[in-house]
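Next come two complexes built around subunit A: one with subunit B, the other with subunit C.
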Partner chain A sequence: MEDLTLLLGFAGIFAFSAPLIFAVVGETLIERAGIVNLAVNGTILLTAMAGFAVAARTGSLVLGFLVGALIGAAVAWLIAFSSITLKQSQVAIGFVLTLLTRDLAYFLGNPYMGLAGPRLPSWHFPLLKDVPFLGILFFQHDWMTYLSYLVIFLGWWWIFHTRPGLILQGIGERPAAAYARGTDVNRLRYLYSVVGGALIGLAGPIYSLSVKAGWKGTISGLDGLGWIALSITIFGGWNPLRAAFGVYLFGFLQWLGLVLQPRLPGIPSQVLQVAPFPLMILTLLLVNIGNAEWVERTLAALPDRWRHFLKRLLRALRANPPASLGVPFEPE
Partner chain B sequence: MRKSLFTVFAFVLGLSLILSACAPKTPTPAPATQAPATQPPATEAPTQPPAPTVAPTEAPTQAPFVFGMLLVGPYNDRGWSQAHYEAGKYVEQKLGAKMIYLDKVNPADRPGTTASQLAEELVAQGARLIIFNSDDMKDESTKFAQEHPDVFVIMASGDQVWKEGKAYTEIPNMINIMGRMEYGKMIAGCAAALTTQTGKIGYLGPLINDETRRLAASAYLGARYCWTKYLGKDARDLAFKVSWIGFWFNIPGVTDDPTKVADDFINSGYDVIISGIDTTEALTQAKKAHDAGKAVWAIPYDFIGACEEAPDVCLGVPYFNWGPEYLKAIKAAAEGTWQSQFVWAGPDWKDINNPDTSAVGFVKGKALSENAARMVDQFISELAGGLNLWVGPLKLQDGTEYLKEGEVATDQQIWYLPQLLEGMEGQSVPQQ
Partner chain C sequence: MKVELRHIHKHFGPVHANNDITLSIPAGTIQGLLGENGAGKSTLMKILSGFLRADSGEILLDDRRVIIRSPADAIRHGIGMLHQDPLDFPPLRVIDNFLLGQQAKGIFLQRNQALEAFQRLAQQYDFSLDPFAYVENLTVGERQQLEILRLLWSGVRVLILDEPTTGISAAQKQKLFATLRRLAEEGRTVIFVSHKLEEVEELCHRVAVLRAGRLVGEMHPPYDTRKLVEMMFGREIQAAPRASFAASIPVLRLQQMTLEDVRLRMTAVDLDVHAGETIGLAGMEGSGQDLFLRACAGLVRPVAGRVLVGEQDLTGKAYHAYKRAGVEFLPAARLEEGLVPGLTLSEHFLLVSERQGFFLQRAYAQRLAEEQIALYNIKGRPHSPVESLSGGNQQRALLALLRQPLSLLLLEHPTRGLDVESSIYIWSLLKERCRQGTAILFISSDLEEILQYSDRVLVFFSGKVSPPLEASALSVEELGGLIGGKGWEKFGVQRES
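Moving on, here comes the complex of A and B:
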């Protein structure tokens, strides 16, 4: 019994993480193309509200998800348009949009507060669901959770194992070189913004139609998750596999706080509730510490054996952002 | 250089766009009721006498009495705040008074503003009485009432003006109102005990304080009574676990996620979840498990219509009906018969669901079996007949004696219950 409880708890992490997976992979695609979409938090809130509202009105879950994807794509397109065509700062526009979409979600979502709406039913994967252990862990969820596995793998495969993926890396690293070889950098940046935005836009309805069903306005408990997604994108080193690991780690830490609360009465429960956030920051720090110059200098002073080991470790962890991230490209 | 100038320009432009887009947001929550309310006070306010006890007798005949309400959550949250909002509507209808209100009065939604500032805003719009609706605003309401002796204040769920209470302060212009939800929770506990198949009941608690402790304990007392008396089972076979999330609703990074807590209950074999928080995660997660084929039920809280979100798993809902007590207090303010007092209003035992007389009620849900429903009715009539579950012998969670054999708890002992009771699992005291 105790084992099953534990297993079900672990399984919950995968279902709970599905929306963040979509958001993180979407953001990874956009940033790989060299654009920063800072509006993730607001996008998730607005699409959660809109997806729920549409699904509640029409009774159609598919429409709810579709509307979410469309809004996410539209917000991302706006950022691309402002930065590529209007030559404005992506950071400023993204920041303003995240505030705007957040407030819009609360304002427009008022009539839908606390309504009963449809909810994505669980759908157990035939055959696979009966595999001992793994069945419960991975295959007794709902469709969007299964799609989240696929999104991780597809994102990784696309970026690192296809020709268009290579071009995608190129426009984020050296857009001028890619342009010289005949790539229409800005058109691709638009394209990846819209595709990535649609993925981010799916995260909202996955919350409001599945993971945390319903819309409760400011007390929905979704505000802030978008910022987590942004930081996990960085922690993930712009690699969908690593990012997915970060998302699951975050989910695990949150779940751990919950399970430990009754078992560690000596630790204030607030500490456990907040712990995942500083732990994520620490991880971020650890991952990127290899990029700092002072670390190099400190390492150089160490004895050889230590230095080689640490250097290799840091190199393995290290993630470099796309060189032209956030830098607009103007074809000469 | 030019680029950074552009950035700043774009940012300022965008920000001003946002601000202008959001500016009407604060007043809009009270659109219909607010407009007429703002007209009379401008000319009339100065003529009104300052002391509340000498409230005007001629004014009400010309202009309606305006009262303001500060709601901690959204006015339509189908929970705590909506119950207050609808009580305000009830008073408007019964008394011909006018309500103006501001909702989402909490630090997360309105950083940097305090409840007393917002109360002043309502006074500026003509309110002569302010209702503070949350435990959170207790200190703010004291501060406001003391600074504005000419404005009537109702502090819901507070105990500042309870002469026999621990926090007594003399504030002539304040009334405390609270419903005896202990009874509602006892009935909820009874319904849970009559329904559970695993003998495990989970209680989804908010933060730990006097109020939440005594409500969780009441649910346990009701559950234990029906479990032993009606089902003839052993009290030791009944598991009753309280998990606190840390606030009245979920705030990522601050509280535990109630969705996960509810799932955790369900995964570990707790088949009835009683909610003590403002949102309905217990109900929605029970519904999800129910749709996946599990036998799981839930009991929401606060608001009479809370079951509608998932009737197939809802055993019923204990709810507040603030209307009658608000009506009395506001009427007293308007007619000049106001007296500072602490009101702890119970159900009307003739009919606990009478909207004009009962301060707390319980609506049975669709998922409650016929047999259990009959026993719940019997329990309610026993309570109406004088059954008291706050009678010794009762021990606190750590084993110390709370009530001696035959000792009946006083209101103070119940209100300030120091720990959970023996037999309940879960934290009793917030960790500092």
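Moving on, here comes the complex of A and C:
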């Protein structure tokens, strides 16, 4: 019995992580194209509220998700428009939009606070659900969770195994070279902004229509998740597979906090709740620390064997951002 | 394909970069395009390859008028350009670089098909490139070969090469020339842009010379070098005679220094550098000379051994300690690492001036800048932003910014991309420093430059370092062989596995 509860809790990580998967893969696509969308946090809040409101009004879950995707795409488009066409700072506009959308969510969401609304039913995968262990872990969730698996795989496959994906890598890495090869860099940047934005926009309704059903305003507990999505995008080294690992790791740490809490009465509950955040910072640090000059300097002073081991370790962890991330491209 | 340019004009603000240029190039020829820096060669070629649009004038391909708005249009018409700094994707693999941007249907990457085409072409032109290597680990010469293969696969009939011999080895250059001759025999048109006379004379079927935006003349073989020089510069140029200012005071001593980076390991190097001496570091790109130079500047920490500057042991100390001891390092990427784009010349002089204090003294900076501009013959004004200066003038500005006195000056490709006149001027400034007792260590891929200006030479080959060789006793051929790994037995250096 104890084992089954544990397993169920563990399986919950996959369902609970679905929205972050969508957000992280969406952001990965946008950043691969060379644009930074900093409005993820606000987008998730606004789409969670709007998706829930629309679904509650119309009774249609599909419409709820659709509205989320549209809003996400619109916010991302606005960032692309102001940076590519209006030549404004992506960072500034992203920040302003993330604040604006957040406040809009709280303000416009007032009438829907605490309302009962529709919820995405769980749907167990036929046959696969009965596979021992794995069935419970992966296949007794709802549709959006299954879609999140697909999004991870598709995102990875698209970037690394298709012709357009190769061009996507190119425009984020060195747009001038992609342009020299006949690519319309800015058109593609718009395209990936909108597609990635739509994925981010789906994260909100997945919370409000499934994972944390309903809209509870500021106590929904969704504020901050968008920033986590941004940092996991970096942790993932702009690779959807590695990013998915980061999302599940984060989910696992949070779950661990909940499980350990009753067993460790000596530790204030806040510590365990907050613990995943500094742990994420530490992992982020490990990913990028190999690039620092002082690290190289320190390593050079170590004895041979240690140096080789540490260098290899850091190199394996290291992730380099697309070289033109956040840099606007102008054909001469 | 026959290429014709008619009455091309292009302005950049007040600068008339291309002034009524008319040039006709028949199919199957190698056309040389000569001119000093800023003569308008690159502008003209960027117009032909779609990066820039001419203000007026027309382009004809095989007698048909075409309009080229973007590189995509140029590619469609079969025009491909090989840029001086290869426009490729360093973190990607060779094969993916080869594939990226090829016009093909479908979203699937047909890597196998591409691999076949790649290997067929590579064999045809005798290039040995590993399709799965990462481009960032290739030398500039190899990256060029990759670009050529890629352009051939996409079906170019006009190939433009912008200063292609900068930064590649002698062997790679010979291979490049052989390839270009073959492409011309196959009926393609090759346009070879360069400021190096010998190369143009060796390779090209015909030469056009640009000066200050105008086409000043064309020439067919046999070439008259003196006349070409005159067309390029409007007068004759002469190099300064050799000069040596080496004294016996050591300014830098390396004792059993061992260096290491991702690709190579250099063991137990010993060297004494004396005041006023010039030492050239020769080797193919990535053979370890850049690592060596950075270690002398304190930018890379040796994993073993000692580094002494003057009498001080600075092993493992940071760059600032080296700077205080009188060491300066001038990197190859002038604008990225050495100057601050966006700041003006006078602001640069202010940054390094000895007058400290909280407030900016504009009038003082202005005076200082004017003095230095006159002294170093920089073509620019105190309020010119550094990025608006030409490469040669940026290099002069960097030299002007160096402190006086200086015990050791480390230079990476001091004259890369500069024309003969600017190079000679830069070296006269450097030799003046030597006369005042500064020792110079410099990297160059130009063997003649190394032999001309060095007292001693160090040769690097895949992490091995030769003992210091007397420059006066070396020939270009000998040095070229050493760079390629030939003739090392006489130093008693064993090959490390």
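We take it that the second predicted complex is superposed on the first by the 332 of 332 C-alpha atoms of A that agree within 3 Å, B and C clash if a C-alpha of one lies under 4 Å from a C-alpha of the other, contacts with A are read in each partner's own complex, and residues count from 1 in each chain.
Methods note: contacts are C-beta pairs under 8 Å (C-beta built on N, C-alpha and C of every residue); 3 or more make two chains touch, one makes a residue touch a chain.
As the structure is a computational prediction, the values presented were derived from the model and not from experiment.
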item: Partner chain in contact with A:H161 - subunit B first, subunit C second, else both or neither; value: second
item: Contacts of A:T58 with subunit B and subunit C, given as first, second, both or neither; value: neither
item: Per-residue touch tally on subunit A - higher for subunit B or for subunit C; value: B
item: Subunit A residues within the subunit B interface of the complex; value: 1, 4-5, 8-9, 12, 16, 82, 87-89, 91-93, 95-96, 99-100, 103, 107, 110, 113-116, 119, 121-122, 211-214, 216-225, 228, 254-255, 257-259, 261-262, 265, 267-270, 273-274, 276-277
item: Residue ranges of subunit B touching subunit A (in the complex, touch as defined); value: 3, 6-7, 10-11, 14-15, 17-18, 21-22, 25, 28, 73-74, 76-79, 104, 108-109, 243-244, 246, 249-261, 263-264, 267-269, 278-281, 284, 287-288, 291-292, 308-310, 425-427, 430-432
item: Touching residues on subunit C, where the partner in the complex is subunit A; value: 46, 51-52, 70-72, 75-76, 81, 83, 87-92, 96, 99-101, 103-104, 106-109, 260, 262, 300-303, 316, 318
item: Contacting residues of subunit A [partner subunit C, same complex]; value: 161-167, 169-170, 173-174, 176-184, 296-297, 300-301, 304, 307, 315, 320, 323, 331-332
